[in-house]
Amino acid sequence: MGITQVLFWFLSILALLSAILVVISKNPVHSVLWLIMVFVAISGHYILLDAQFLAIVNLIVYAGAIMVLFLFVFMLMNLNAETEPQKNRWLKIAGVVAGGALLLVLVAALKKADLKLQVAEMNRGDIGLIHTLGVTLFKDYVVPFEISSVLFLSAMVGVVVIGKKE
Amino acid sequence: MIPVLLIVIPLVTGLVGFLIKNEGNARGWSLLSSIVTLIVALWGLSLAKTSPLLAANVEWLPDLGSRFAVGLDGLSKILVLLTAVCFPLIFIATWRDQYKKAWNFYALMLLSQAGLIGVFVATDALLFYFFWELALIPVYFLCSQWGGERRIQATFKFFIYTFVGSLLMLVGIIWLYWQTADHSFSMESFYALRTKLSGADQTWVFWLLFVAFAIKMPIWPLHTWQPETYEQSPTATTMVLSAIMVKMGLFGVIRWLVPVVPVGSWAWGDTVSGACIIGMVYASLVAIKQDDLKRLIAYSSIAHVGLMCLAIFATTESGLQGVMIQLFNHGINILGMWIVVDLIERQFGTRKISELGGLAQKAPALAILLVVVALANVALPLTNAFVGEFLLFSGVFTSTATQYSVVFTVVAALTIILGAVYTLNMIQRVFYGNTNSLTEKGVDIKMNEKLVLGAIVVLIIVIGVYPKPVLAMTKETTDFLLSKMNYKL
Amino acid sequence: MSIQSIWLVPALPLIGFLINGLFRNSLSKSLTGIIGSGTILLSFVVSLLIFGQVRQPGFQGEVVTLFDFITVGKLSIPFAFQVDQLSTLFLLIITGVGFLIHLYSTSYMHEEAAPHFARYFAYLNLFVFSMLLLVLGANFIILFIGWEGVGLCSYLLIGYWFKNLDYGNAAKKAFIMNRIGDLGFLIAIFLMIRQFGSVEFGEVFAHASSAKVGVLTAITMLLFVGATGKSAQIPLYTWLPDAMAGPTPVSALIHAATMVTAGIYMIARSHVLYDLTPVTQSVVAVIGLLTALLAATIALKQNDIKKVLAYSTVSQLGYMFLGLGVGAYTGAVFHVMTHAFFKALLFLGAGSVIHAMGGEQDMRRMGGLRKWMPVTNLTFLVGCVAIAGIPPFSGFFSKDEILAAAYAKNPVYYGVGLFTALLTAFYMFRLYATTFSGGFRGTQDQEHHLHESPSAITIPLIVLAILATVAGFLGIPEAIAPDAHVLGKYLAPVIGGEAHGGVEVSKGTELGLMALAAVLALVVSVWAWVRFKSRPDLAEPTGFGKVLANKWYVDELYNAVIVKPLDLLAQLLVFIEKNIIDGIVNGVGRLVQYGSRQLRLLQSGQVGGYVLLMVVGILVLFLVELFVKK
Amino acid sequence: MNSILLSAIWGIVMMFSGVFTQNKTIIRYTAIVGLVALLAGNCADMIGYHVAIDVHKMLNYDEFGMLGNAIAFVSTLLLVLVSGRDMERVGHNLAEYFALIFFVLCGVAIVTSFNTLLMLFLGIEIISIPLYILTGSDKRNLKSNEAALKYFLMGSFSTGLMLLGIALLYGASQNGTFFIDDLWTGGPAVATRPMFMAGLLLLLVSMGFKVSAAPFHFWTPDVYDGAPTVFTSFMATIVKVSIFIGFVRLFEDGFGESRDRWQIFVAIITAATLFIGNITAVFQQSVKRMLAYSSIAQAGFMLLALLALNAVSRQGMLLYAAVYGVATIGIFAVLIRMKDYTFEGFNGLAKKQPVLAATLTIFLLSLAGIPLTGGFFAKYYMLAAVVESGHFMWLVIFAVLCAAVSVYYYFRVIQAMYFKDGEGSTETEPGVGFKGMLVVLAAVVVVLGVWPQVLLGLLAKFPYTW
Amino acid sequence: MPINYYIFLAVALFCIGVAGVLTRRNAIIIFMCIELMLNAVNLLLVAFSKMHYHALSATAPHAGIDGQLFVFFIMVVAAAEVSVGLAVIVMMYRNTHSIDVNFLNRLKH
């Protein structure tokens, strides 16, 4: 087992454990922190997969900006402590069961795919580099890129509409 | 040209009618309109069958393979005649009925007339379906707006019931459409299907169409909407419903079902006939127990229509001719019955047989006219219905379409007796005996009512004695349809 | 007069009907009477003229076609009249007796208000019209039209006094029982259409021999079912006694002289078919005989004067069917004719009595009426003698002809027939003695009113009495005087030679039988007269007599076996209709509503629940993908 | 491309219009002008005048999408014309509402013409995000808040599903592409087929969510009920049918060749949608909520087009979009003006407001699919499309039975208006303009019902390819 | 690494997110779980991108790049969504002082 594999397994387990902790943490702030942990682990995977640009963006945008936003909101609402009264246990159990079942059927469905020979190649290729991505983004993907600005505009307008005091 | 006129006149006058916000004027206007329609219809009937005026065929929906194709053949003629004759009679007979916002009432009546005529003259399946529904909508509003106490539920049930059938029919029509060689809804293309479709296909598609027709007619056990609706509708609408609308179902079977999927019809003929016969006997027996005049007549109508349907599936010439003439006769006769009911209800405010009695003393003219109509209802010879029922029964009896023709005839013929039972019961309990506190103030009918009933009686007798012109009118169509119906794989 | 003008015969009464019916409110009673009777008289005159032609030797039946009635495919039914010896004879009887009864009615019904009076005459005219159509029809359909028409008129006339619901019920019963028979007739017609492709007498009879016996038997049996309805035979006879609810002239006209003989006419008319089907013939004979016997026994214990006559009618009709069944068609027709005379006479006489008694019909309250009503008494006596079969009155000859033929076929028939004849003599003279002899048993008031009827009533009585006396000489049997059977010779072209079912009895036997019948009838008559003259039968009957008085409880039986179950069935169906058939329809609606109420609970308002259900949906889709073969 | 550009630009214009003027009428007219311009731009596009931008095949402008756009724009225009005033009453941010609407239309224009899953994703998001806002725009109304949050959470969830689906499809595609017509080129290797199917199913689910197909419809009643009615109208009509057009495009262009594998799922979903939508609508007491369920039911009918996937279904989809849109806009326009949203609130409306009642009746008849209204031909096409394919006759019959059920709840409104006595009335006396607009809408419905050729003929007239 | 590993990892993360959405009632945490789902997809896309690169780079040097760009767009969208979502949640909180989704049941049936 090379270093890559070791890292893969480490990151995978880290991601999964953190993810589970996101879900089960009682304190919302802990959830946020564990989620950041998941993002870090995923960024590690990106690096393993030679997607350096995405790894950086993920850390900056997600773990940095977005999660901070979440934290801000928690702070704003002063909800850092446990606030969920434990009612409706059945719905919870049903939720876990349903999630598990979904995992099962997805795995079952995808296991049938004969992908043994397919590999996600590591340590090779430059498609994850900012240069390559940038060129493609502004050549082939310029239209969606521009269009996503509409998305931001609308989000902006929306937040203004919602947030403005009347 | 003429069929178009026949649709357009009531349609336009109906739409205009909404704007006449005066009861008297609206009434006169609708009568005028219906008389004009009648004149046009008679004009159409007088033309030779080759006359180009009798058909119209214009582009409508080229992408769908549907054309605005209408025409008058023998079958259409007789039903158009029925519609055209009934409406003026209805308007005159109900002249004294009072309605809130009468102009809307009359306008809707005219619209329903347009729809009905449309059904009868359409020679394009989609157009047929179109009018089929159109005829229903005004009637729905008429019944719900001006009907009896439980009108809303009753007519709603009626509407949904028939709508279910219609939609199934629509599916059937669409399916047939895709099977046509030229993807067309025209009658010719549909008739050409009978040789193209496999027996299995015909057998199942038969039901899609038949259910719609069976509900409309109605055939047992799909009939339960009918007595309730008749009971709850304003009588003028009941007249339209029972005199004309139920004919839509029979018409549908003759024109759009049996000749299109003859093999399916053969396969299910016995089943359908069985239902018809059960329905006839059943309805007759139930009719005996009815206390409401409208319900009684409704059940009697179920029995009569069952016989007609039975005869269609016998696919014999005399049976089919009988159906053709009976389509008209039954309409006229039942119209007469309804008029009498309307007169009674207007005068005494009840239709309960048990609350009436001794009317013959107070209204002898009404009694006599009713008796004639009632006798026609039980198909006494020299009334029009005898000619019809005789042909129907003899058609069923001589049928080779089923091996049970004798059984069918005999059981069905029981209704001849049962029909006499409930009809005479009704006459006796309403008209004979002594008057009671309610009926002793009764007065005889007025001139306009006498006129209408008289006209009906004259029609009953004339057709009963000399049915030849009517039979001649439908003969060619009968032969044509029979040639399609008798196709076997 | 040309045969072609035969249409006048039914047309005249029709015109009378129309005038009286349409203008009943404006016509005076006398005018109504004149129109009503006059049209029948004219019709009778025309019939006589036609008869003049028909009786020419060598006259073959003619078919007069008026117009096409129904033509469908190969089946063509013209509106055509058959003019031949048989129909002409009936024309004469119908219009002749009919006229007398009309005349009688002008007086009898005089107390009615003018519109009702006119209505009465309109119905009567319509009846004559229908009956004429019946006998004139050149095919079974026209016959059937008249057939149902007389049923209708019977209904209208029985229920003439519509205020009385019992009368209405009787009318209804008559119509419905007739309809049951008509149904058989109708199906017979359909069978003929299927077998022969035609309903015309000529066609059907010509091809009859080529048809299978089974089919023919079915046709004839069904026709006979029709006849049992119209002619009041077992099992459809019960309407006739009830029909006495109508005005008495109606009973005379319809329920004695004409309508009920339609069945005889029809079978005589289609004798070709019956000759080919011995089974049916036997059935006809047996049913006729049984009816004759049954009705006669019932008549023994009736106290209503009209009821006795009614059962006697049923009984006599049974005789006629016996005649038909044994092949004595001429005899049957002969009996129809004589019966028309004496039964009309008896009914009209009874009417005269009732009229005088102020509406009283119970014989037990009568008695000794001959003192007040000599003409009625005498004519009634003639009627009684005639029906009792005492020579040389008409009943003797016609009855004897039937009995002779019955003997030839089967002596048992003869025995029962003779016994019935004796019963007839017995109850008729019981009737006569109770009514006209002895002392008056009614109230003072009634006694005060007793009077002989006016001439409009007595003249028909006298005429009929004469006819009842002499009509028998039209059919003097071979045994007495060869070749003297005028009627037989006259009818021969239609009915064929006198066919005694193939077996001829010897002249001697026939004479012996005749004498036996005559003597016994005379003895029984006298005995009955003497017995009831002094000791009228006033007590409530007991034992077997009660059974007879209650008509063997047949009405009750029918009620229990047919009417009640049918009623229950109808009630059951109403229940099924409401709860099952409509219940299912409404149930679907309710199910939708119920489903709606339940389904909307899924919409819990909770996001968690929604997402959960979404996930479940996804799971289902994936499971289908994984496990369901496509 | 014209419509995407114009709608985005006009969205910005609207955004700033609020800065320059507080006059709501001006803002409204600006929006109307924008919509007309948008429509004109789209028409220009249809006859070949378009801004030449290389989209690298990511958008595919064909007549189907164009006509879909046109229908969406016309519907929006009608909505603004008939209910524009009612938007003013939602809140103070009229200009922003219009801006958001234009952004939604931008998303619509993308969704009707996407050629890659990326564009589909972006388009859907551009539609969704403004809608979350519009749903919650009645800020002080807790129902509105609740609806917005529910919509947002569930919408995001479905986005997650969609993305997983897209990812799996990407993985399954042979040469790593998002172009929908390449997803199944030559058929993916047997090896990746399960992945393809899993992705497809997830896309089906998420698109089903957007068009409120059962069992992914649960947001619909709550959101439609909670959102300001005028925006409910917008969502239930323009947005829904546009996404449907995208839905059809995706499954026809992307998965058309593999339809044998997934039709059964569409059939299941269709049946469930028809069933739940129609049945649940029966018991509703609020007309608004009933309309939400009815929109689910109508979606069930539109799903038939997805099942059939042939020329008939394409035409039918457009006709359905137009007819359903117009009729629903009309109904909501009247509903907005009502005092009481329950069925009882409509009792006796016909006496007080005959025009409203009559037009409303026509709209309802159209939704029920009664002839003489466009709704009939819309339903006709859907049925005809499936029947032509020859399979799934049971579903067709089930669909018509459900259509019969739909009559029940649509007619309840008609019954209330005409046959029941009551105090049903509008909040304010509707003006002549409003009534006039309703009559125009009704006329459109009727014209499409008598002579749908006017619309169907267009398809043949613009044989336009990119 | 074999692609299967990535697939199962991503699916597992995704399902954990789903389970979170189902079990938690704090609106923000639900939202975070949704973000977790998105990230799982991102990971999967990148893995597929490298898979395609591995398979096709011989003929197309930039094979698989689409996947990574798609991830980029997902992040863009997610960011926008987060802003809107948080705004909605805050609005809700302002009105009800709760972000418990179970309290959201004014709209039902």
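First chain written, first letter: the chains are A, B, C, D and E, and each begins at residue 1.
Assume a residue touches a chain if its C-beta (ideal position, glycine included) is under 8 Å from a C-beta of that chain, and two chains touch if they have at least 3 such contacts.
Predicted model, so just to flag it, every value in this text is computed and none were measured.
Asker: Between A-C and C-D, which chain pair is linked by more C-beta pairs in contact?
Answerer: It is C-D, judged by the count of C-beta pairs in contact.
Asker: Express in whole angstrom the distance between the two chain centres, defined as the mean CA positions of subunit A and subunit E.
Answerer: Whole-Å distance between the two chain centres: 6.
Asker: Counting in whole Å, what is the centre-to-centre distance of subunit A and subunit B, each centre being its mean C-alpha position?
Answerer: Taking the average C-alpha coordinate of subunit A and of subunit B, the gap between them is 70 Å.
Asker: Distance between subunit D and subunit E based on Cα centroids, please, to the nearest Å.
Answerer: 26
Asker: Taking each chain's centre as its mean C-alpha position, how far apart are subunit B and subunit E in Å?
Answerer: Distance between chain centres: 65 Å.
Asker: Which positions in subunit E touch two or more other chains at once?
Answerer: Residues 3, 7, 11, 14, 17-18, 21-23, 25, 30-31, 48-49, 51, 53, 55, 63-64, 69, 73, 77, 80-81, 84, 88-89, 91, 101-102, 104, 106-108 of subunit E touch two or more partner chains.
Asker: Taking each residue of subunit C in turn, which ones touch at least two of the other chains?
Answerer: In subunit C, the residues touching two or more other chains are 600, 603, 605-609, 611-612, 615-616, 618, 622, 625.
Asker: Which subunit A residues sit where two or more other chains touch them?
Answerer: 91, 94-95, 98-99, 102, 106, 109-110, 115, 141, 144, 148, 151, 154-155, 158-159, 162, in rising order.
Asker: What pairs of chains are touching here?
Answerer: A-C, A-D, A-E, B-C, B-D, C-D, C-E, D-E
Asker: Which stretch or stretches of subunit C touch subunit A in the complex?
Answerer: 606, 608-609, 612, 615-616, 618-619, 622-623, 625-626
Asker: For the complex, which residues does subunit A have touching subunit E?
Answerer: Touching subunit E: residues 4-5, 8, 12, 15-16, 19-20, 22-23, 28, 31-32, 35, 38-39, 42, 45-46, 49-51, 53-54, 57-58, 61-62, 65-66, 69-70, 73-74, 76-77, 79, 83-85, 87-88, 91-92, 94-96, 98-100, 102-103, 106-107, 110, 115-116, 118-122, 124-125, 127-128, 132-133, 136-137, 141, 144, 148, 151-152, 154-156, 158-159, 162-163 of subunit A.
Asker: Taking the touch rule as given, give the residues of subunit E at its contact with subunit C in the complex, in rising order.
Answerer: Residues in contact with subunit C: 18, 21-23, 25, 30, 101-102, 104-109.
Asker: If you look only at subunit C, which of its residues touch subunit D in the complex?
Answerer: Touching subunit D: residues 592-593, 595-597, 599-600, 602-603, 605, 607, 609-611, 613-614, 616-618, 620-622, 624-625, 628, 630 of subunit C.
Asker: Across the complex, what residues on subunit D touch subunit A?
Answerer: Interface residues on the subunit D side: 4, 8, 11-12, 15, 53, 55-56, 58-59, 91-93, 96-97, 99-100, 103-104, 106-107, 110, 118-119, 122, 125-126, 129-130, 132-133, 136-137, 139-140, 168, 172, 190-195, 197-198.
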